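Got some structures for you, see below.
What follows is chain A paired twice: with chain B in the first complex and chain C in the second.
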Partner chain A sequence: MLSRKGIFSQKYSLYWMMAPLFIYLAAFYLYPLIYSVYIGFYEWSLGDATKTFVGFRNYVSAFQDSQFTGSFLNTAIFVIAAVGIELTLGLSLALLLNRESWPMRILRTVILLPTLITPLVVALTWKALLNPDIGALTYYIRAVGIDIGRGIFVERGLAMAGIVLIDVWQWTSLITIILLAGLKGMPIEPYEAAYVDGASRWQAFRYITLPLLRPTILIALVVRTLDAMKIFDSVFAITGGGPGTATTTMNFHIFKVGIQHLKVGAASAMSNIFLLFSVLIGLFIIRSVFLSARRKGGAV
Partner chain B sequence: MMSSPLGQHLRWAKLGSGMMRTIIIAVLVVFLLFPVIWLVTTSFKERIDVFQLPPQWIFQPTMSNFEYVFDKKPIEMWTLNSLIISVGTTILSLLLGVPAAYTLARRKFRGKSLLITSILLIRALPPVVILIPFRVLMNSVGLIGTHTAVILIDTIYNAAFTVWLMVGYFEAMPVEIEEAACVDGCSYFRTFRAIALPLATPGLVTAALFSLILSWNDFLFALSLTSPPSATLPLGILSTFGMLSVGWTYMTSMCTIAILPLLLIALFLQKYYVQGLTFGGVK
Partner chain C sequence: MLRWRQLVGVGLIAILALGISLVGFSQKPYEGEVLRLASMADQFTDYLVVLGRQFEELTGARVEVDVLGYVELREKVVLDYTTNTKQYDLATVDIVWTGEFAEKGWTTDLTPYINRDYIELNVPDILPVTWTQGEWNGKQVAFPMAGYVNSLIYRTDLLGDADEQAAFLAEYGYELTAPRTLDELEDVATFFSRPDDGMYGLVANGARGPAVAQDWMEYMRGFGGRVVDREGNVYVDSPAAIQALELFVKIFDEWAPPGAPNYWWDDRETSYRTGMSVMQSSWSIARAGYENPEISLVVGKTGMGITPTASGDNPAFGFGGWGIGINADIDPDRQDIAWEFIKWIASEEIQKEWMLNDGAPIRLSTLLDPELNEAMPWLPTMLTMFIHGDGDYRPRVPEYSQIQDILGLRVNQAITHELTATEALTLAAEEIRELYAD
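Coming up: the complex of A and B.
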């Protein structure tokens, strides 16, 4: 095992194998993040020759900026609504598709379709479908007598629901696929025992399926929550954050300030707040779900 | 088994039965397929048919939209740019991620769990948070507007995903094979290259597939870091989406072109795609 000596020996190979990744991450991930903390203290627009040190003023302004605090709230509403609906629908669909027959196998392939389509394409498709005047879906919605006012993405109270709908369309299948994999590994004995004891279908679901599926549901929830927080494409392509600021999410707002208006200092302060928040959620989730699963020798 | 009374009961463990089930499934399938069918059919419609209400599902198909976009739009350039960025990202992500994952899976050392946690944490990183300083950095090194800039930022997420996937994959492989194959001595790197890597091929396919999909579908990074000559397909598509929806026929034909490669690859590699999606969900 230790035939070769020197720098490539067992002891150092540990570092050699990991070094490229960590050098890369240090340069293009860690350095930008640290730099972001630094410019968060400056008033600086990309293109300005000088940066002006302003201390915590960018942070104070961020919290005073109703668009920023509003975007935080919008993101929270979006994530809770989208992931909540996706989880409910995804679980029902998984239970429906959980049998071995050829139509079910085909359906399990068909439902993969939305997850593969470029999110921007999805956004533009729905934008056309829900066009207030000539959208095909708008036509059908009005035909069955549902009042959507001047159109889903035009009405202040409906625009966010539209963004949620698109996310539900694209990602419910992901949850279904994850849960189907979990259902496949379920033992049959508890059900046998339960039905011998005269349990009802609902009781079997409530007291056997749900608890056994819990770890899988948790992981599906985590994966979707982390991704839903990144919502950007549909907001950018469909509503531009509007009407008013009804669909301005954090990602979108910071993008607007930092990339479109080039106010890098202010945008960095906001993204540092966003980052801190995401890291806390992420750490909490990873600690409670992934690492505990590793320790138990289960899934990662 | 399924015909016995107990078997009949067991089927109830799965939700619903008969008509009701079929109806619910049908509604869901229509919901999931309707937008895609609209998209693809519209790309074969004459402009006059697009604006018909009620929507026309049966119509005289035409190739004119595709001819137009190939004729008048730099779609080959956009496709090539998308391809360069996704393939570049995939290669870089695997080169960086796989060896690191092997070490993280096989060796014990101090700080290992901290390293794994911080790599997992990248998944929680909002793209815009890294994008703002990254753009400043690219600006100062003169890489803004190049494929390289997009590849470098896409790789952050894709290398992290690769590590995450491959650590799990290597850990699940019995270490005995590697030990047995190397009784008479071979280096750590050779064990990795000659024994572990070939055994891990299915995992590598999954990692590569996801890296391709994620970078092909990226919009925000390409939007913020490319210039017109390096623009990717999503950016090209967006530019054809006119305010008054005049461009719908062109937009949908370009969308159809953009989604086709991934659909074909994923259908062909369905097993690996599902494995990647469910990865983490099950043992």
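Coming up: the complex of A and C.
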């Protein structure tokens, strides 16, 4: 048994210093997570005094719920489209902004502005701009002859595209800044050597920039993918998951089950599935980029 | 010398005692108390905030009004009630939440207060239909606060125009008047639908969720349909309900502005007030706003008529609106102060003042008041509607929120042609039956 002196000795000081962090993590991360897993096994409506243990029934019911499985598909479509476009645009903008000139310096600051606005405010602004009857943007879209039917958020085939558009507008600049930081940290020597050997700009980009930027792209991809999977604000404020179920994402469906219907047991089970899925996706992205880098012998 | 000192001493004590008693006398009864009220953001809300300030001047109790949208309001108060956080002392309660709030015991039963203050409240003056805002199995879990009736709102300048009347008569073979039957409604809506001129015959809410569900239920009532009864029998897939949904789909296909499938209440009202739509079925709370040039382009051009029914006979009017309830978790002393506030805003004097400032009536005396009638000539029509009001056409059952969510999706799927009317309501009926089976 350790003496008091022993516990408070230099040897254990590191643990004492980290104790507040562990307490914080246990209280605000671990406890909610364990509690969520716990109530996922119960049939429980918020406000009811009793909970009934139902084992895995909430999990089975979640997979039998067509709205939940549909929301899974909608979320996947949203994430692939939004993050794909954001990454492509973000990389292009980062390459553009990597030049040193005063307009670029100003642009680097301005481009960050969308990320500073509350997502709900962004959603409501876009809702007004794309209002099918009196929206300014709708007017110009129609004026240039683009067929959007009754309106972007009214047509089932276009509503998700509208939600993707808003996400791209708000978060592309975040990817741009992450990738720009990666570009700024690159060594100049490989480019000098490549250009001396007669490499074109495209070849320099393809065989030097992209491989060296891969770790930064990985960070941007993981951060944005996990964040995009939680899409909620614009769905809540603009479409309410509609038309029909066209924009019902997993987070929005879980919110409806848990907060509107107060079925917290069922909602927790869905949240746990969602969490597991998010972790798997994150691991998949990291693993596939690592494997690809190893195969090509590139940097990770 | 000593006598003088004694006299001065006695005099000082007397002045001090008088001062203390005067301070005590002038002190307001609830000085330092704070009532937190969660309120729906509607036309009545701005003046509710003003009334809160007046109540503070009178009683010393500060009323903090948290103004929230429909979905957020329910979320916030329900989470407050279920987690016993006592964040709100008072909340506006939608008529359709009555059964749920009563069964869960979230808001306190006001019956003892009402019985105690029966004379002071002048209870017989309160219109019978308004008690549906909170009445459930003998309990009164919210007090009537703002009564709404659903009626047909239409443009009198267009329906009364001689050229339009002649053209309508030539096309349909009968006089153009405010429609009383659903067939007439179709004719008038078709006649005035001129998208090339930016004019649409009839508009309704289409956005998934409470907006589309509640507007559809008003048309369903016109066909004599119903959703469920209190015993849990489901009627939502009846022929009358399906017929109502087929007409509802037609509104969006043929008569409403393009964006209507994504309309909430404010969008629908904007569409009418800007002159885009000619007719709508709407709550009476919005009526005064049509005459306000700051928010309306149709000032002096609005008529308020009966909501058309299939037969045109026995007109009834969908009744709704907001009651006000007291959080059952708060201390009895705070409940007493909250009740004083309710009693005060429900008084004849304040109801009249509120009505002049975008309020909604609950009292017969308000609707008969000569000064109000002069300012609002539509009040006699509104009184008739209150007398024939139906507060149960949207089922005020404990399961209402989930039923509304089911209908909010299925009806929206019908108007966006993901499902046919029959498919949508068959699915809705199955889901509602499952709800009761659980």
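Rule of thumb we're sticking to: the second predicted complex is superposed on the first by the 271 of 300 C-alpha atoms of A that agree within 3 Å, B and C clash if a C-alpha of one lies under 4 Å from a C-alpha of the other, contacts with A are read in each partner's own complex, and residues count from 1 in each chain.
The rule is short, and it goes like this: a residue touches a chain if its C-beta (ideal position, glycine included) is under 8 Å from a C-beta of that chain, and two chains touch if they have at least 3 such contacts.
All values derive from a computational prediction rather than experimental measurement.
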With both complexes superposed on chain A, which partner does A:259 reach: first (chain B), second (chain C), both or neither? both
Tell me which partner A:46 touches in the superposition: chain B (first), chain C (second), both or neither. both
Quick one: name whichever of chain B and chain C touches more residues of chain A. B
Using the touch definition from the top, say if A:131 reaches chain B (first), chain C (second), both or neither. both
For A:244, decide between first (touching chain B), second (touching chain C), both and neither. second
Regarding the shared-chain residue A:71, is it in contact with chain B (first), chain C (second), both, or neither? neither
For A:14 in the superposed arrangement: first (chain B), second (chain C), both or neither? first
Please indicate which partner A:58 is in contact with in the superposed arrangement: first for chain B, second for chain C, both, or neither. neither
So, does A:119 touch the first partner chain B, the second partner chain C, both, or neither? first
Residue overlap on chain A between the chain B contact set and the chain C contact set? 46, 131, 134, 259
Interfacial residue positions of chain C with respect to chain A in the complex: 71, 74-75, 78-79, 81-83, 104, 106, 207-209, 257-259, 261-262, 270-271, 274, 276, 401-402, 405, 408-409, 412-413, 416, 418
In the complex, chain A touches chain B at residues 1-4, 8-10, 13-14, 16-18, 20-22, 24-25, 28-29, 31-33, 35-36, 39, 46, 89, 92-93, 95-99, 107, 109-122, 124-129, 131, 134, 136-137, 139-140, 143, 169, 173-174, 177-182, 184-185, 188, 191-192, 195-196, 201, 204-205, 208-209, 216, 219-220, 223, 226, 229-230, 232-233, 236-237, 250-251, 254-255, 258-259, 264, 267-268, 271-272, 274-275, 278-279, 281-283, 285-287, 290-291, 298-300
Residue ranges of chain A touching chain C (in the complex, touch as defined): 46-47, 67, 131-134, 149-151, 153-154, 156, 239-245, 256, 259-262
Write out the stretch or stretches of chain B touching chain A in their complex. 6, 9-16, 21, 24-25, 28-29, 31-36, 38-39, 42, 50-51, 53-55, 95-97, 99-100, 102-104, 107, 109, 113, 116-117, 120-137, 139, 152-153, 155-156, 159, 163-164, 167-168, 171, 182, 185-189, 192, 213, 216-217, 219-220, 223-224, 233-234, 237-238, 241, 245, 248, 251-252, 255, 258-259, 262-263, 266-267, 270, 273-274, 277-278, 280-283
